[in-house]
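For reference, chains read A, B, C and D in written order, and residue numbers begin at 1 within each chain.
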Amino acid sequence: TTVVRKNDADVVPEDKNKFIQVIRPLLVELIGTALFILIGMWGVCSGAGVLTAALAFGLALAVFAASFGHISGVHFNPAVTIGILIAGEIQALMAVLYIVMQLLGGIAAGGILRLLLTTSVYGQCKGGATLLAKYAVNETAVKGAVSYGADSVRIWQGILIEFIATFVLVTVILMVVLDTKSKTGLAPLLVGLTLAVNILAIGAYTGGSLNPARSLGPAIFAHQWDDHFVYWIGPIVGAIVAGFLYRTVWAHHDRRMFVKRTPAATASKA
Amino acid sequence: TTVVRKNDADVVPEDKNKFIQVIRPLLVELIGTALFILIGMWGVCSGAGVLTAALAFGLALAVFAASFGHISGVHFNPAVTIGILIAGEIQALMAVLYIVMQLLGGIAAGGILRLLLTTSVYGQCKGGATLLAKYAVNETAVKGAVSYGADSVRIWQGILIEFIATFVLVTVILMVVLDTKSKTGLAPLLVGLTLAVNILAIGAYTGGSLNPARSLGPAIFAHQWDDHFVYWIGPIVGAIVAGFLYRTVWAHHDRRMFVKRTPAATASKA
Amino acid sequence: TTVVRKNDADVVPEDKNKFIQVIRPLLVELIGTALFILIGMWGVCSGAGVLTAALAFGLALAVFAASFGHISGVHFNPAVTIGILIAGEIQALMAVLYIVMQLLGGIAAGGILRLLLTTSVYGQCKGGATLLAKYAVNETAVKGAVSYGADSVRIWQGILIEFIATFVLVTVILMVVLDTKSKTGLAPLLVGLTLAVNILAIGAYTGGSLNPARSLGPAIFAHQWDDHFVYWIGPIVGAIVAGFLYRTVWAHHDRRMFVKRTPAATASKA
Amino acid sequence: TTVVRKNDADVVPEDKNKFIQVIRPLLVELIGTALFILIGMWGVCSGAGVLTAALAFGLALAVFAASFGHISGVHFNPAVTIGILIAGEIQALMAVLYIVMQLLGGIAAGGILRLLLTTSVYGQCKGGATLLAKYAVNETAVKGAVSYGADSVRIWQGILIEFIATFVLVTVILMVVLDTKSKTGLAPLLVGLTLAVNILAIGAYTGGSLNPARSLGPAIFAHQWDDHFVYWIGPIVGAIVAGFLYRTVWAHHDRRMFVKRTPAATASKA
């Protein structure tokens, strides 16, 4: 029962209602995304380095996925929802509602962080916002002003870095959560570790977002909009490419694109 | 057999005695809580930062939960016991006895720490006590005295931070340990990681208690009572809210409040 | 199904084609090795120390192994492929193709890293290259030039260190992935942790390669060829010794060298 | 099959020979202990702090336990062997041979470390030896000599600290590996994490040995015998107390002391 969880609705007639099928998953995406991003940003703002931030986001995702995966799937990320939409495992309308909840959750996290951090700590981490790394170029400093030179992370570099990281995240999610052949009971842990390792890898260069909802909230409350569109384009395109590559190349035959799913194939999914 | 463990008493008649049913669980809560908090506070006092403290508490909880979960459930935390009481999985009298054992265990940990640390190390970490972060404001320093300014963590912020972290901890415990649908053999690891990630997230601001027993012991031996009630109100209210939200919203139907548990529903629990 | 995964080709006739049997595994080794090494080198170049580098490489390997282990086995390392060749679990021609893909993947990672890091960050980590640690000897510094003295890591020491670490890595892989007796569903996690712990242990002395493909890519793009052959000889000899020791001593009887595999023994493998 | 592994000898007649039953387990204890302690001491000597050392020892133990647990049980520690002897799961003669192998392995690790580290690195970490923390007391420094004052870790404190940590380690091993009720397929990971968390907790005060074999090797090669007996008395007494407490209190009834094991009880063990 750990490995494969049917939807509540499959089991008990009394649960075949709108609350269980629609509202409860949306509540999980709303509250869960808020708490997940809040925990991660607390880690970022503690000033203890990228490892702390990566583990805060990654382990929070892992434990929420283990707790609520059977209710909403625990996407907590518009890019992930888009990847799963392409994989054909969520309906388009529900995907839109999920994304709305995730963005509201991210905004809530940004606001709660503002409320619960002291002003100086909040300022030092720029409200938990993700920004492209800028390296001070002392040699070109003129008249006491710090100058950022040609060596800072470029926008196209930032987009590509976020693209690659999110491509890896969504690919692993599709393989360990959905694919008929490789899905596993370790999925919650593996998904969390995938987020952690990607933030660990790229955090020093782009802040390690992989998630428009995670970047939106702090941007609003801390007024940090520099290069903000990087964190929408990179992750979303990464998820789209991951979704299509999954459907055309990696997926077990019953999930591959253009293959009609027979009842037998669907049954083998359970 | 890893996933679901029946109580000892269910299996062998010879074990249907008071020692197995009452005294042994209480011994686990007493000795286990003392060792768990001692290990965590050793990590805190080693001065290696929040990551070390978070892993010390979290991994200690994980390995104790895997070892003794079948005997006492390994609460090791009055807030957790209150959450489980609300979830209807422990009797009220036993819950009171558990909490007494946990507080005695926390006090024992505080005393052993005093005994086994050198005076200077003990003093530098304030005996392992949890305190709200106070930031020195150099600008306002007058006549050589260090002054703590308006930017320190406020009491209401501390309470809300501990509230949120404990709400997450207790919610995850109820989902991965108790809920009919989402309980899993990975629970000991997941519960330990949940504690770790929460301490990692909030440790820089409140010390990361989530547990009145963990805060009481060092407070007594190190005479650190500043804002002490924060670590009772925040965690306990967090656990109560988590418990009721579980019973009303997240729980599988057989655990939901106001639902009479039929024999069939109870059987599906095994 | 988590524990033992049969090859796709065993199950569905439509999948018994060259794409599924040959091209797809090679694609996984090519793309996967490139992403795995890129993530690891991003961690190295973030300048956050050996723990970050070790976790970046180790956790990336773990999540790729969980996702694509059923397609290619996720070797991502010529030394590992040689070890598995000796263990008799891959055909010689396929092993050669795997190694070509891994080296191409490593080169791609070296190039992408150059593209996506800023010049100064790339220079400070020497393009992610593995080099023997050289300790500056201030006492012998002459005329302002930094001199590296007799205390730097010697070539023979570097070879032996990489030999031992790769021996441990390949031995653990053979035991937890292939051996009839000890293979386990936790294998992806365990293999990743084995790489992490070995890089954690030896990273300060040799950079912690254990993998010619991981050392080749950055060497090409960063022009860092000092002691480069250390990272071919050490890992490859380590894998060969691990493979033979497995076949002669550690293997369950049905995998031991000189033992003809009976159909029954082979069947017990499934 | 992951959870319960029978001995090789139970399955195939050809394996009922001295090599499989006696020599191979001893080889695992000899080579495995040497590699395990070597990896851990490499971590210690990399100078990256207690977290790195704790993870190096802990994760190395975890992956060896997963790989070779079915052959020797992977004790790698005389204290653990004594605890398992008291639990009645190893014969006295075999326990003596195990301990001899472990001590030889520890000595080999100490020698290999001397060979493969540069002189200055080896000297800075005192050859990987475990020593009680000594805090310099600047106030009492006389004539330029550094003085260590009354605030250093006392011998009795060191013994108690190592006692408590080893008590926890051996207790967890007995519960998750041997006990009929709580043994689990996650045991290799849990045992490794238990070692890691204990070193993380106490490493700053005693060096975090928990293992006479781990302390003996570096002491011999680095001539560091200060307080060396602390690392024999603390761990061994801790293991003895853990063993007896297990047999009298924590064990499932079929493992409890003075209880004759019936065939049925033994069968339930498989």
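Definition applied: contacts are C-beta pairs under 8 Å (C-beta built on N, C-alpha and C of every residue); 3 or more make two chains touch, one makes a residue touch a chain.
What you see is a predicted model; the values in this text were computed from it and never measured.
Asks: Counting shared numbers against all numbers at the contact of chain C and chain D, is it over half, same, or under half, different?
Replies: Homomeric contact, different residues on each side for the most part.
Asks: How much rotation, in degrees rounded to the nearest 5, is required to superimpose chain A onto chain B on the basis of Cα coordinates?
Replies: 90
Asks: Per the centroid of Cα atoms for each chain, what is the distance between chain C and chain D, given in Å?
Replies: Centres of chain C and chain D (C-alpha means) sit 28 Å apart.
Asks: What is the distance, in whole Å, between the centres of chain A and chain D, each centre taken as the mean of its C-alpha atoms?
Replies: Between these chains, centre-to-centre, one finds 40 Å.
Asks: Got the chain A residues that touch at least 2 other chains?
Replies: Within chain A, the residues that touch at least two other chains are 51, 185-186, 189.
Asks: Touch graph of the chains shown: is it line, ring, star, complete or other?
Replies: ring
Asks: Going by the touch rule stated at the top, which chains touch which?
Replies: A-B, A-C, B-D, C-D
Asks: Under the definition above, what is the set of chain B residues touching chain D in their complex?
Replies: Chain B reaches chain D through residues 1-2, 5, 8, 12, 14-15, 24, 27, 35, 38-40, 42-43, 45-48, 51-52, 55-56, 59-60, 62-64, 66-71, 112, 115-121, 185-186, 188-189.
Asks: Under the stated contact criterion, what part of chain C meets chain D in this complex?
Replies: 3, 49-51, 133, 135, 151-153, 157, 160-161, 164, 168, 171-172, 175-176, 181-182, 184-186, 189-190, 193-194, 196-198, 200-205, 249-250, 252-253
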